[in-house]
């Protein structure tokens, strides 16, 4: 039989995968706390006859050694988000305020499905396949955690690494691109200081609520006025919090910012502008204490290797029907996946799986309302269509692996 | 002996009062949760040989019937605030995030001291003295709670009611004023709706953080442009909260506003302006869902009875040394105290006790820096100077009572 | 005949006054350029048989010496404003962009009418009457100009000085108040510097249009947050101008501010806050050049002498029908009139003449829409109702004079 | 002799060109008023023995018919800007408030130099050369004016059209690019309505200065939040003007906006957002009159023909030294040049000439301070380095022409 024929067997395991997906979706866990998720993955692998080992507390790796040949690493991220689900699905999150709003449950399930297909069809390929389940992608802590726990010495060195991500694109598509596909990301927590007072005595206060508002608006001018038009740059204030009672003027405000760039010079200038603006607005407010800046969740650029991307793209085009494989646009999101191949000094490819209802997407595209009608990752309404997203994502992992390991 | 001579006995009980004050300060409790505070008051009264009864869960009343004469009610509020103490005092709050930042601990201790002095000197006066310990003044819920629990039928009808409050004025002063002394207050919780998205995809969002910032700034123009100059009006945004992670654009923001006015027409126009501004800013943002407005913590005007105020002012002037009694400025704060005399349809007087270090205050006044150098009520640094504040406040309650009950 | 009976003669001269008023209204002239206005006044006085002399280029004084008795000075201001009239009146301004939008035409006409009445009834009074027509009140330059031109040595020293002003109050009223009636006023021209660039290259600019906008909004917080609630304070940005073409980012912006206060300490703190805010916003913008602050048009407080005010109030009450004389509220406007009595070191009284349609005012007052339905001074729709405003204003000047000069 | 050898003759005419350039620079004229400029060009052409004809009042065309061969049109724009020169040059503008701040004086002078070279070396080429001097490029009125005056019927139909522009790039470079090089541009004049009042009576006004400020800041969020990151879009408020006196709150504000986009869908969404924001901010302000939107100066996309661009690029590379020809980045500016070839339905190429001091540019580039240290077009400091900018620009026009007309 030719190397991909066994993929037809997927029909017999899709029900198992659908159930798994819904279970993971019901039990989302925040980054570095994916204990039940990790246990379930371990247990499923065991059922398939595969040993796995923990690398970091909630990270997991299984290695299928299947004779001569290259070594391929495939990675799925497993953490969820502090979002309150609002999809109305019957398999909605059972955990208050936590949701798989970025589709990592789909990534886990697809990778488990790929592992099963490869493990049950060992004669169709040869080499080594490593399935890696990574915690805490959302805050760029998980790849680091696994590397800090000795990942590079605990598994064979791969020749190439793969990862995939569901996106608000039509289900039934796989989207690839050489070069930069995901931006660099930086987060910063800014604390500004006012002077607390009774709510009825504003003249005794330095109002941090007003101060935070002026900062939020001034920060908009970095992208609108300071960055060269057409240059990719995002400055998001994801959280602005100050005070807890109407009648107490608080004494501080906290802002959480997220930056995305494709150019490190642009990134550095944006950071300088943020600090300049925040410090000056504190002076405008008459703040008596310097603001503080705490940088965290710093994500690398995801920059697909030309050859690795070309190899998987060709394999996808050979296997999938016409129209499935699409050129991807660079996405505004960030990922810590690349830290793993970078630690091994190996090439990598990262592609995107469409997961939105294809008809709705088409209508929205025609109406020019994709942005408003198609819920995006991190939205409380983000809900990948299970079929055929799950099947395509599972097959994509296998097809990519076979591009290296197939006979 | 003349009617106020026994006040000299206060020396023998001041150590007890200082200890009590520090104990209350160490154990602050939020509104309607003042269980330990209420128990301690009850126990202290018992030690003095006085019965007390609960009116509402944490409200307490004790009545001293001492022959013929008028009935005087004196009220102390007993709740604390969700403020993290930052005074550095050795008797600082032991409860994380809760603090007696408005001096109610001083009010309790002074009233307990007055009760002891009056109770131990029954021959110096005649009539009935009611000491009322009221919960939850800060959110205008406590007076209502006691009235709802039948206060007017559970105690004798008073002829007059008194209350006092520590203020960032020089310790050693008692400050009185006829007519309006405290403003009407209204709180409103505003929820505005955006559209959540991944922090890197602002074009898929309607950003509620930016929306809240535009609202906070636009609201400033109500006082700066819409209210007639010189008219008393405060519009404070005490809390503005949106989002919890840097890389998730949230789908809503919540604002807590507090208004203070001395004129109901002004109040109504301000409320109309708030709603107009919030609705329009939501439209400017492209928000797809109407904002909501929830009104709460609505405080009455505190408007001292001319005669009641004149009587206590004269008594204070007769008893205290020159310079102690000062004319009060109307304060920007609000109180629910007046709901109690209003329910009985009786006159009332409300005065202010200076509690800031007198020398520091004088220097700050000369330097024009009172507002920045003297911590005000609700500030994490608010710390009444115990001496002579406690003594003056205790004596003020007794002197006021004696103005009606003295022989 | 009793001293005010001759006021009935006003009927015979009202048509002349109405024509004069409309002529002045059609020919408004800006401050220090009131050449035609000044000539017309001179010519009307000549027709009455009175000599007048110029003090400053466009200021004019006439003195009626009529025997023994005190000396009274009455002053009318004569300048117009750079406002484009939008009243639809058939006697609208014929000068593009210039309008008597503050009623000084009414002040001139009333004073000329009072002069005629007094001059034609010399037997009804004795003493000296000085009618002073002052230029350039709007920018506080006219009183200074007359004083600089030697006013105090060119006319007899008065015993008291009077001035009046039309206001958006019901016609048929005269409104008086002891003590402060008009605020102190200060203007400041602020220039902030950006960096010009082509409109399509914002990243090469420091955008002064955005900078000016942040300053305008931040300045609102002085009144809304920094001034004690209830304290009178106005910070108006009357003009904000930057740029002239859509596709050129300009290199500077100019703001013209006007402040009003009743307390010099408040005034000084506001000025400090303005400078703090502007400098800090320039830093937030990345401006490379310090902003400049140029103070001008600085108006004194108008603070009516207790006795002088009481005397005119009593005379008004004696003469006018019930309901005509009303207590005035302190007004937010400023005046340079007081510089003249201050130069002579004499007391003064300044009162207000209602000039709005009485029925409309009443309806608006009942509906609470005075502020939106009754055009105020400086509005393009400001249009005093001629009758009875003109008659009342004329008689008020005579009655005030007779309170000192009447037999 | 080979076809470009005669370019060495440029040495003998460069002094004449330098003098011409300085003369044009001293005498800038605004769009459609370029009378003296047009006369001078006509007179210089006459001195070269060439007739020219006016097409539109200030547009000029000269045609050199030189035997068989293709027809090439080269265009220079001739208008200046309302900018006050601040270069300190000894040949600075002598016209107050008007400046050649976009280098059109260099374009004229280079094209005149190219005409002279071609006209004096007729044996080096054959075909037809059309030099077109276009008025009023800055407001997109000049190309239209020439077309409206019958340009297409007044000159031979060209086979290709060329234009060039100086840019803040290192002098000594010519920069080319296929496809889109300049954005589409749209201007819009927005008038918003407040309610005028005396500056001391903000409560009687609807303040348009504050309204304009909120609009300017809200507009920033279109690019920062609504446009997809990385998509080219500029929303510049080039002018914001309201009021003229500090103590009059004006009744309207006027904003002049300029938009730049490379995608018509993005352009349409931005225009919709602008109108949504302005209308909603007017509501937030309580404005009683709808804002007005007036669109003007609408520039087409400049989209270089692939073949035409390749031909000139190759010719430049063949003629100039290594390093002179550089790939251009798409620029954020707009041009109306393309309306001329579009009217003839012919291909065109548009390239950029570096005009900044090369050493300064290099240092600034290394320090990452190009944007702040190198004055850009439309800046009061914009000053092309004459040598070798003028020589390179002249030769570029000749070399481009010879790519079609050379033997």
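Order of writing sets the labels: A, B, C and D. Residues in every chain begin at 1.
Everything below uses one rule, namely that contacts are C-beta pairs under 8 Å (C-beta built on N, C-alpha and C of every residue); 3 or more make two chains touch, one makes a residue touch a chain.
All values derive from a computational prediction rather than experimental measurement.
Listed by label, the chains that touch subunit C and also subunit D are A, B.
The chain pair with more C-beta contacts between its two chains, of A-D and A-B, is A-B. Chain centres computed from CA atoms place B at the largest separation from subunit D. If you average the Cα atoms of subunit B and of subunit D, the two centres end up 66 Å apart. Note: centroid distance subunit A to subunit C, computed from Cα atoms, is 66 Å. Here the CA centre of subunit A is 44 Å from the CA centre of subunit D. Averaged Cα coordinates give subunit A a centre that lies 49 Å from the centre of subunit B. Annotation for subunit C: residues 183, 200-203, 205, 207, 210, 214, 217, 220-221, 224-225, 228-229, 234, 260, 332 touch two or more other chains. Interface residues of subunit C facing subunit B in the complex, by the touch rule stated above, are 183, 217, 220-225, 228-235, 260, 262, 265, 269, 330, 332, 368.
Those residues of subunit A that touch subunit C in the complex are listed here as 200-203, 205, 207, 210, 214, 217-218, 221, 224-229, 273, 276-277, 279-281, 283-286. Across the interface of their complex, subunit B is touched by residues 81-83, 102, 138, 168, 183, 185, 187-189, 195-205, 207, 209-210, 212-214, 216-217, 220, 234, 236-251, 253, 256-258, 260, 288, 297, 331-334, 371-372, 376-380 of subunit A.
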